[in-house]
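To start, the structure under review is shown below, and the notes come after it.
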Amino acid sequence: MSSSSTLERLNENPVARPFVAIGNMAISGLTELGLVVQFFASAVALACRPPFRVTLLLNQMEFVGVGSLFIIMLTGTFTGAVFTLQTVNGLAQFNLESVVGTTVMIGVTRELAPVLTALMVTGRVASAMATELGTMRVTEQIDAMEVMAVNPVQYLASPRIVASAIMVPCLSMLFVAVAYAGAYIMAVPVLGIDEGAYISRIQEYVASYDVMHGFYKSIILGVLLATVGCYKGYNAAGGARGVGNATTQAVVISSISVFVLDYVLSALLMKFEPTYNAVSY
Amino acid sequence: MTDTTVVSVPDSPYAIEVKNVCKSFGPNPVLKNVNLKVRRGKTRVILGPSGSGKTVIMKHMIGLLKPDSGNILVDGVDITTLPHNELLNVRRKFGMVFQQAALFDSMTVGENVSFPLREHSVLSKEAIAEKVREKLGVVDLKNIEHKYPAELSGGMRKRVGLARAIVLEPSIVLYDEPTTGLDPLTTDSVDKMILDASKRLNVTSVVISHDVGSALLVADDIAVIHEGVIVEDVPAKEIRDSTHPFVREFLHTWFRKQ
Amino acid sequence: MNARTPLLVGLVIVAAVVSLTYFLTQSSNGKLDKSKSYVLYGDFSDAAGIRWKTRVQVNGLDVGRIEGIEHVRDSDGRLLARVQLRIDRKYDVYENAFLRKVAESLLGDFRLDLDPGTPGHRKLEEGEVIPNVQSTSDLEAIQSELRQVATNVNRVTDSVAKVLAGPEGEGALRQILASVERSVVAVEQTTYAVRETVQSNQALVNQMIADVHRFTNTLSDVSGREGEIRKITGNLAQLTERLNTLAGRLAEGEEGGEITETVKNLRETTENLASATRKIDQGDGTMGRLVNDNELVDSVQETVDGANTLIGSLARLQTQVELRTEYIVPFNGNSPYVDSGVRTSLGLRLIPRPDKYYLLEAVSDVRGDQSRRQISREFRDGRTGELIRSETEDNADTNFRALKFSVQFAKRYYFSTFRFGIIENTGGVGANFHWLNDRLELRVDAFDFTRRVPDQVSELVNPRFRAFFLYEFYDHLFAQAGLDDPFNADLRTWFLGAALRFTDEDLKSILPFAPTP
């Protein structure tokens, strides 16, 4: 065991110790990332293999989609309205109030709808998934499933991830719709911006690329949050406290990942959009 | 999903054979060269204090864990080298009763018991309901199909757990700490349940326990495990005569309490 | 599962799909799909403010959008911003169309204003460049003019301020006024004198003007010719000099004697001129013939016209030369058919439009040609004449170093160019794929479809394929590598080489089909 003695010596060396700690952190972080990817890959592979658990999928779709409908509607409406209210002030300095709809809708379709939807769903759904699966893990329900020759990843994770991949983009699109309504109400009746200019500016400048950009992102973000939630719950250990930790970590990690992945996806998708002459990332 | 390709080797007198199994978690060795045989149709109790590695042995038997070295034979078939899908077939020979029953708390008792049937058979709804009723009858429960596990007492949950474990009519039933954390009366009823089940269903049973009293009651053979090593392996009647110091101490502590 | 679950889930999905389709169809670029529009280009020297999706308007109504902007080089190698416009098919654009950048707001948003031209002219087709483009917008022009005006005003006010500053400024101003007053009086006197002179010589001047008029008319007809003209212009220079002096004296108020003399001289000169032009009119001398021979003039005109058309099409036509040389190595070192060696090709591309060209190519190939000869021998008994045995021998002569020719037509779609025609003396097709702004090219050829094994005349072998990559690592210089004839084991080779490609304008003038002007 010369390696372990080397390790011990390194740990005692005050100069080497911080580097050892950083190295360990990096290794465990990458290992965890690899495990999440592996978990996701097996969940997807199993989702494509019989038995197809349609009922479970529908239940999860109801939980993710129908259950989150209300908070998404609420968030969407207020986002549209508040964003409009704040933007108008800036644009009024250039007499450009009529482009407020464009600004808001490009912001909503490309960024706010997918990201805020993903964050709301993370708070509601990823935490619930982590808790549910975590409880099942610590009370040996997952082991029981495995003993009964039922693949728990296929039974528990696959329907959740697939449901999220379907429902999060749906919610994101509904977010766009209600944000549009919220922005319209704020802009036209409340702030008195000319309706014709407002709508025609949106039609002129908001492109299908913008809508699709957000749509694609929301699919990936939906997959992400469900994967993190399931993974954390599935690998929970240590009783009630472990479940609590898993839930917290699921929410924190998937929220951060939503932002990071959102940036990566935006940069990536822009490469495929005909944004000539635009800022490059 | 009824293609049960049961590979049985009738001339082997043992349902399970654990041969020279070693297992470590990280740097900690948990099992050190364990050898254990489970006779067909008999009840084998693995006795040991917490953290002695008995649950790890059980998880090896059912293929949830793979040994670092050594083999595990179930009905003469080495399961350590089986591919995953064949391992699933082997698992159908097993029923397992978990320490806290591990009932799915999102499902009713009926759904819990019928879960393996719904997953692995093509029986009609009526046939499934009939089978559930029958198995619940085996564990002396009636008309509780529509209750949720949270509404049941610990002993009842364990019975439902057994009903779920035997619903596919396995040849081996594993019990993980069946009497831990139960009051004496319930302990008694669970012991009775184990005895009844092995008698009525004619199954091989493996019981993991640190409860010497129920071990003496239900066992045909007893193995005592201490720090990953089997220190004693004798028929149940001979356990009291053991000369091994740890076994003596372990039993002595229990008898003193009585 | 709750009985309502499928219903609720379905409702959410349907609502989402409705929302998605609504926003997709609402958005602007849904309205201009590719089948209902076409692409034109405009080359701007300044495309600032023009962006993807910028609107193109006719009379203030949208007819299209900008699809993209990229740099291109014009024939002088100057960089220009080539703007790609997608125009609604309902609007035809003609050759006399005019495209300009118009400011939409003070924030630097621009749109393109298109005057589509008039139907009398040639209609521009997909992919053509709108010839008339104005890069600077009105607003920009106004802004720069305003800037200039402001500078000027500044300068004037500065100097006025300098002049007026202090007590001496007032004195200076008074002085200026006095001298201005004096000047005005002098001018008045001068104009009076001039008027007098002119009136007294009215007739003479009139005639003079008429003569000069006629002269210049004739002159304009024969401009460019030397000889007599040099003399005439010499006289004319003298004449104007004297006129100048005359005017000077008039201004100084001298008496008219000199003037009369000058005018007399002038008259003489114009008379000379008149006689010269008369001679020309009558057709005397070379110039006269040139001027009066209508047929000659017509033919010259025709020539010029022809040259114009030719120059027009030549201006569009680009000629490119491509020189490739590569070292060939057979996979099978012992192959009886191919040897390693050098292949060189010289190609000429005639490019009438950016998206198509004709390719003429000559290849000097180490692989050469195989000609086949079949020799039959019969062995007969000397006495009976009975056939003992016969044998046939296939004799392959491999003629190393053959010169082969390719003539192909090529048309480009997006990143791929498809070619067909004759490839190395046989029929064939090919394709080029371009990536990385055309710096990387994959060329694939398939030809010689009915090929036979050199020494087994009866047996067909696989057609010849060739695939290779060309990478432009430096302007005009390419590295290349590829596979030749991969489907025939004994003929399979790989090769490495270099290529040079450049646009040669001089070639245009020596093209065999271009009539020399």
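We call the chains A, B and C, going by the order they appear; numbering starts again at 1 in every chain.
Simple rule for what comes next: a contact is a pair of C-beta atoms (placed from the backbone, for glycine too) under 8 Å apart; a residue touches a chain by one contact, two chains touch by 3 or more.
Note that the structure is predicted; figures quoted are calculated from it, not measured.
Student: Can you give me the shortest step count from subunit B to subunit C, moving only between touching chains?
Tutor: 2
Student: Considering A-B alongside A-C, which chain pair is linked by more C-beta pairs in contact?
Tutor: Contact tally favours A-C.
Student: Based on Cα centres, what is the most central chain?
Tutor: Measuring from the global C-alpha mean, the nearest chain centre belongs to A.
Student: Taking each chain's centre as the mean of its CA atoms, which one is most distant from subunit C?
Tutor: When every chain centre is compared against subunit C, the largest gap points to B.
Student: On a C-alpha centroid basis, what's the spacing between subunit B and subunit C, in Å?
Tutor: A distance of 88 Å separates the two centres.
Student: Nearest whole angstrom, what separates the Cα centre of subunit A from the Cα centre of subunit C?
Tutor: Centre-to-centre distance between subunit A and subunit C: 53 Å.
Student: As a quick test, compute the distance in whole Å between the mean CA positions of subunit A and subunit B.
Tutor: Averaging C-alpha atoms per chain gives centres 42 Å apart.
Student: Inside the complex, what are the residues of subunit A that reach subunit C?
Tutor: 55, 58-59, 61-62, 65-66, 69, 94, 96, 109, 166-167, 169-171, 173-174, 176-177, 180, 202-212, 215, 274-278
Student: Of all residues in subunit A, which touch subunit B in the complex?
Tutor: Within the complex, subunit A touches subunit B at residues 4, 51, 132, 135-136, 139-141, 143-150.
Student: Sort out for me which residues of subunit C touch subunit A in the complex.
Tutor: For this pair, the touching residues of subunit C are 1-2, 5-6, 8-9, 12-13, 15-17, 19-20, 22-24, 26-30, 47, 50-53, 55, 67-70, 105, 107.
Student: Which of the residues in subunit B come into contact with subunit A in the complex?
Tutor: 1, 27, 62, 64, 88-89, 91-92, 94, 96, 98-100, 102-106, 115-116, 119-120, 164, 168
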